[in-house]
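Shared between the two complexes below is chain A, which has chain B as its partner in the first and chain C in the second.
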Partner chain A sequence: WILAWMGLEINTMAIIPLMAQQHHPRATEATTKYFLTQATAAAMILFASTMNAWTMGDWNINQISHPLATTTVTLALALKIGLAPMHFWLPEVLQGLNLTTGLVLSTWQKLAPFALILQISQNTNPALLTTLGVTSALVGGWGGLNQTQLRKLLAYSSIAHLGWMIIILQFMPALTLLNLTIYITMTSTMFLSLKIMASTKINSLALAWPKTPTLTTLIMLSLLSLGGLPPLTGFMPKWLILQELAKQDLPITATIMAMSALLSLFFYLR
Partner chain B sequence: MLKILIPTLMLIPTTWLTPKSWVWTTTTAQSLAIALLSLTWLKWTSETGWSTSGPYMATDPLSTPLLVLTCWLLPLMILASQNHISPEPINRQRSYITLLILLQTFLIMAFGATEIIMFYIMFEATLIPTLIIITRWGNQTERLNAGTYFLFYTLAGSLPLLVALLMTQKDMGTLSMLIIQHTKPTNLLSWGDKIWWVGCLLAFLVKMPLYGVHLWLPKAHVEAPIAGSMVLAAVLLKLGGYGMMRITIMLDPLTKELAYPFIILALWGIIMTGSICLRQTDLKSLIAYSSVSHMGLVAGGILIQTPWGFTGAIILMIAHGLVSSALFCLANTNYERTHSRTLLLTRGLQMILPLMATWWFIANLANLALPPLPNLMGELAIITSLFSWSPWTIVSTGLGTLITAGYSLYMFLMTQRGPTPLHTISLHPSHTREHLLMAMHLIPVLLLVLKPELMWGVCH
Partner chain C sequence: MALTSARLLTRTVHEKWICAHSLTLRPLVCINKAAFYGEYRRPGQAQDRTPPWKKIRFSFAKGVQGIRKHFGLLKDEAMERWVGPQGRPLIEHMLEQTRVQWEFRGPESLEQWLVSTDREIGGRSEAYLKLGRNDSACMLYGTLCSTPPRDGETCYSGYCTLRSRQLLSSFDRKKNIDWSSFNTLYIRLRGDGRPWMINIAAETYFSHQKDDLYNYFLYTRGGPYWQDVKIPFSKFFLSSRGRIQDNQHPLWLDKVSTIGFTLGDKADGPFQLEIDFIAVCNDRAHTEEFAYEMYKRNPEV
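On to the complex of A and B.
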């Protein structure tokens, strides 16, 4: 665990200067917020792993078995990636960055905590994971409804997608990875296309049609895919996840997740 | 099945590669050839009822009439759109046709699907091209709102369907229609099972649309361009009916009690939407509400699950598809000339466009279910089966028939008879294309009088 913690800290340290490149006050503020949250999370991870070592005598990552320790480390990792109810930092931080850095934050930064989450998934409390997942999907949907700034919109979409990924973790981790991969692809597409069009608000997107019709069509398709509409690829993870949930006799959870996907779809559609 | 799917997909390169002045001609001709090919599906020789099967797609007497209807409509849609798209740049025209073709492909795959999940995916997939057609090429500013209503009503109904289908797959091990029709009836007792039942049917009831959840239909129809309205009225509503017919096979015996509220909603909807038609000022809105009314009758016929009910439902679906599409085309001819849909502004057309008045006459007669047209066959079958289910339904169905006759005649008289207002004297005469369009809509209706067995193959 010590090495994992060191890796996470180095990751945070490395991205801080990248985020603070723009000498805009909002960027600095975003950087500070990010640093604080990530440092808290890393400290909690260290604390949880020490607690586990004290009670169980084990430093190994997948052997973390003390219930308090597992809960703490799950919550800490959730804080790192921005799952509800620890998501409050994500929209503001993403808003303060320019689009490229935002891309890195949304995609690459999620990989390391997810690797850890996957490894500890055996022993975590299932109720906790389900709560995190469902809350994230709902918060991601509702929070994004009133947004006009594209970066905040993508932040809420990220929260919702992470919720979907977490909820299937306890049943089939392979699906979590699939969802993560497809999410990274789709979000990268979105960020890169927005960067080409240099637009950061919904209003400026509306002017894009005369400039680059092909790109606008692509953006529309990838937005619909993020929303999870068949027959686009975005539907596939949602479908498979719902299938797993149904197989495990959890139809209510499945329905709640599906309905919250509708909320996200609404703000994609705008 | 591939014989039809691959030419339809190849239509997309056709639209993008033909030179500018030949695009419309070639696409219309090729889609007409495909439609004629699809008529070969009408020959059912197989023992089990399913013919022309591939690994995931097959046709049977239930889906074939709807498939032929879909294929037949594509050339008609392209014909109808020719005029209002022509001021746009050629690439936009090409993308419009491509959207129509994509929609067609998804529809063919939906009607031909044997796995219910594939049907579901295609069902959802048809929403996207329709949404783009409505919001991009519609006429008023309210089209964005209409598109949102359309998408969200349908999706909110169909996501529970997805969960219900996945649960069915877990229980039964398969979702192939070929196999499900032979499984033993499921024992459905608890509240959870009742919710599963609602989940299965809700998507199709919203799509039909059932009276309580029909709000998306008038908005979508009024705002859509002509091809969008045609395909919406004729085929997409029938997707709902078709899905209901397929799903109810596995929903017995719970349906006997649980269907009561929906049947009552459907019957009440016939009367209510019919009465709204009598007070409409907007022509397209009138036709849209008439669609809701007819589909209410279809929904009632399907929900009681008798052989005659199903037969009547299919016949009415096909006949209504053709006639409703014809009415929308007629309304569009008015719209293209006056750029208004208000009934008051397009009166007394018989003096100026007499041949078009003939088509108006025939279409309205068909709408009000004149014998011996198939509309009447369908309505009679449904009304009699509803009557044998419960004698009290004759009150609403009979009243509904009367009101249908009322507003159909109202539509005819308002647009054709009466004094001609002075501002309409200088309208363009009817194009041959428009006459061809109307003929191709209404001649199949007349032909079906002679051989209705093509439509009701399921239960006989």
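On to the complex of A and C.
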């Protein structure tokens, strides 16, 4: 756990200068907020792992078994990646960054916390994971409804997707990994396309059709894929997750997740 | 007699002890809020030493009214979300090229504005705000006096300002204006030939940014004809506490808080400014991002 914590801290410190390189107060604000949230989460991880080592005598990541330690480290990792209800920093931070740094924040910065989440998946509280997942999916759909700033829209999309990843973690971690991989691919496509078009608002996307029709079509398909519309790739993880939830006799959870996906699809389609 | 002398002696010793320790005990016993928080005292007025608990005016009816108002606003916000951004359909947001943000068409429009002058720092300028003829414009008028009074305290004088109030949503949360679809400020006004300064305040995060304003000049023509002023947002420069900053950056339009007009041209005498409306528009021909040089200080050689 100590080495994992060190790795997370180095990861945070490394991206801080990249975020602040824009020399604008909003970029500095985003960097400060990011640093505070990540440092808090890292401190919670260290505290939980130390508590587990004190009570259980074990420093191994996948041997964390003390209930309080497990809950604390789960909440800390949720804060790291921006799961609801610890998601409030993510839209504001992404809005203050340029598209390239936003891409790194949405994709690469999720890998390390997810590596830890996957390792502790067997010991985490199922009710907590379900709560985090359902809340994230609902908040991601509701929050993205009237966004006109594309970076904030992608932030809420990220929160919703993280909810889908977390809800299936306790039943089939392989699906979480699959969902994460597909999410990273789709989000990278979106961010890179928006970077080429240099657009950060919905209005500029609306005017892009005569200028770059191919890229506009690609963006449209990526958005629909993010929304989980068949037969695009983004439909596959959602379908598999719903299938698994149904197999685990959780029809209500599956229904709520499907409804929240409809909310997200609504603002993607617009 | 001996007992009285002993009591006197004890009292004297006790008083001397209190007096000797009062200088050290005073900050602990009665905390001076002004010393900690740097409260401003208007020149000519005594410092307000009333403790906060004595300033409370509790009213149950007002509390209930406030709760009803705020929950009503919260419900409206939730319902607006289903319509679109800021309660309007998305297609309206996508297609709009102009937006009138403030217009003066009735007494309630004046409630959204604050007038202040150098009276707050001890000066003698006056400014008033009223509706113009036919309730179709607002008139800011008054007298500017740039000579500070000789009271031994006031150092500066000679400004007056009209500033919009911060918009508030439910439970008095700050609400910012999103002008990111636009790039030009459009004002219809009629002045008296004086130079004014337009100040735009955006949402800030750090405490050292609380006095940050984005300014640009407004030269009024005077005369009987209305003046249409179009100022691109790329022309606004950053200042803090009235001083232009070396490290300039463009104004980000997604979180604008307030707009204000300031007169401080050091010309004593009456002034008048009528404003019909303040709008924003999208000038497609204007492609400049920022009008000023952004240079790196201490460049590596």
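The rule is simple: the second predicted complex is superposed on the first by the 270 of 270 C-alpha atoms of A that agree within 3 Å, B and C clash if a C-alpha of one lies under 4 Å from a C-alpha of the other, contacts with A are read in each partner's own complex, and residues count from 1 in each chain.
The working rule: a residue touches a chain if its C-beta (ideal position, glycine included) is under 8 Å from a C-beta of that chain, and two chains touch if they have at least 3 such contacts.
A quick note: this is a predicted structure, and the numbers were derived from the prediction, not measured.
J.: Identify whether chain B and chain C fit side by side or clash on chain A in the overlaid structures.
T.: Here the two partners, once superposed via chain A, fit next to each other without clashing.
J.: Could you look at A:Gln149 and tell me whether it touches chain B, chain C, both or neither (first, second, both, neither)?
T.: In the superposition, A:Gln149 contacts chain C only.
J.: To the nearest 10 degrees, what angle do the lines from the C-alpha centre of chain A to those of chain B and chain C enclose?
T.: Approximately 100 degrees at the chain A centre.
J.: With the two structures laid over each other on chain A, which partner does A:Trp239 touch: chain B (first), chain C (second), both, or neither?
T.: first
J.: Thinking of the overlay built on chain A, is A:Ala258 touched by chain B (first), by chain C (second), by both, or by neither?
T.: A:Ala258 contacts chain B only, not chain C.
J.: Once the structures are superposed on A, label A:Arg26 by its partner contacts, choosing first (chain B), second (chain C), both or neither.
T.: A:Arg26 sits against chain C, while chain B stays out of touch.
J.: So, does A:Ser158 touch the first partner chain B, the second partner chain C, both, or neither?
T.: After superposition on chain A, A:Ser158 lies in contact with neither partner.
J.: Which partner does A:Ser136 contact after superposing on A: first (chain B), second (chain C), both, neither?
T.: In the superposed model, A:Ser136 contacts neither chain B nor chain C.
J.: With the superposition applied, I'd like the minimum CA-CA separation between chain B and chain C in Å.
T.: Nearest C-alpha pair, chain B versus chain C: 9 Å apart.
J.: Indicate the residue numbers of chain A shared between its chain B interface and its chain C interface, in ascending order.
T.: Correct list for chain A: none, the interfaces share no residue.
J.: Show me the residue ranges of chain C that touch chain A in the complex, using the header's touch definition.
T.: 81-82, 84-86, 90, 93-94, 178, 180-181, 204-206, 209, 212, 247, 249, 252, 254
J.: For chain A, which residues count as touching chain C in their complex?
T.: Those residues of chain A that touch chain C are 23-26, 28-29, 32-33, 95, 142, 145-149, 201-203, 206, 270.
J.: If we count contacts the way the header does, which residues on chain B are in touch with chain A in the complex?
T.: These residues of chain B touch chain A: 106, 120-122, 124-125, 127-128, 148, 151-152, 155-156, 159-160, 162-164, 166-167, 169-170, 192, 196, 199.
J.: Taking the touch rule as given, give the residues of chain A at its contact with chain B in the complex, in rising order.
T.: 224, 229-232, 235, 239, 242-243, 245-247, 249, 251, 254-255, 258-259, 261-262, 265-266, 269
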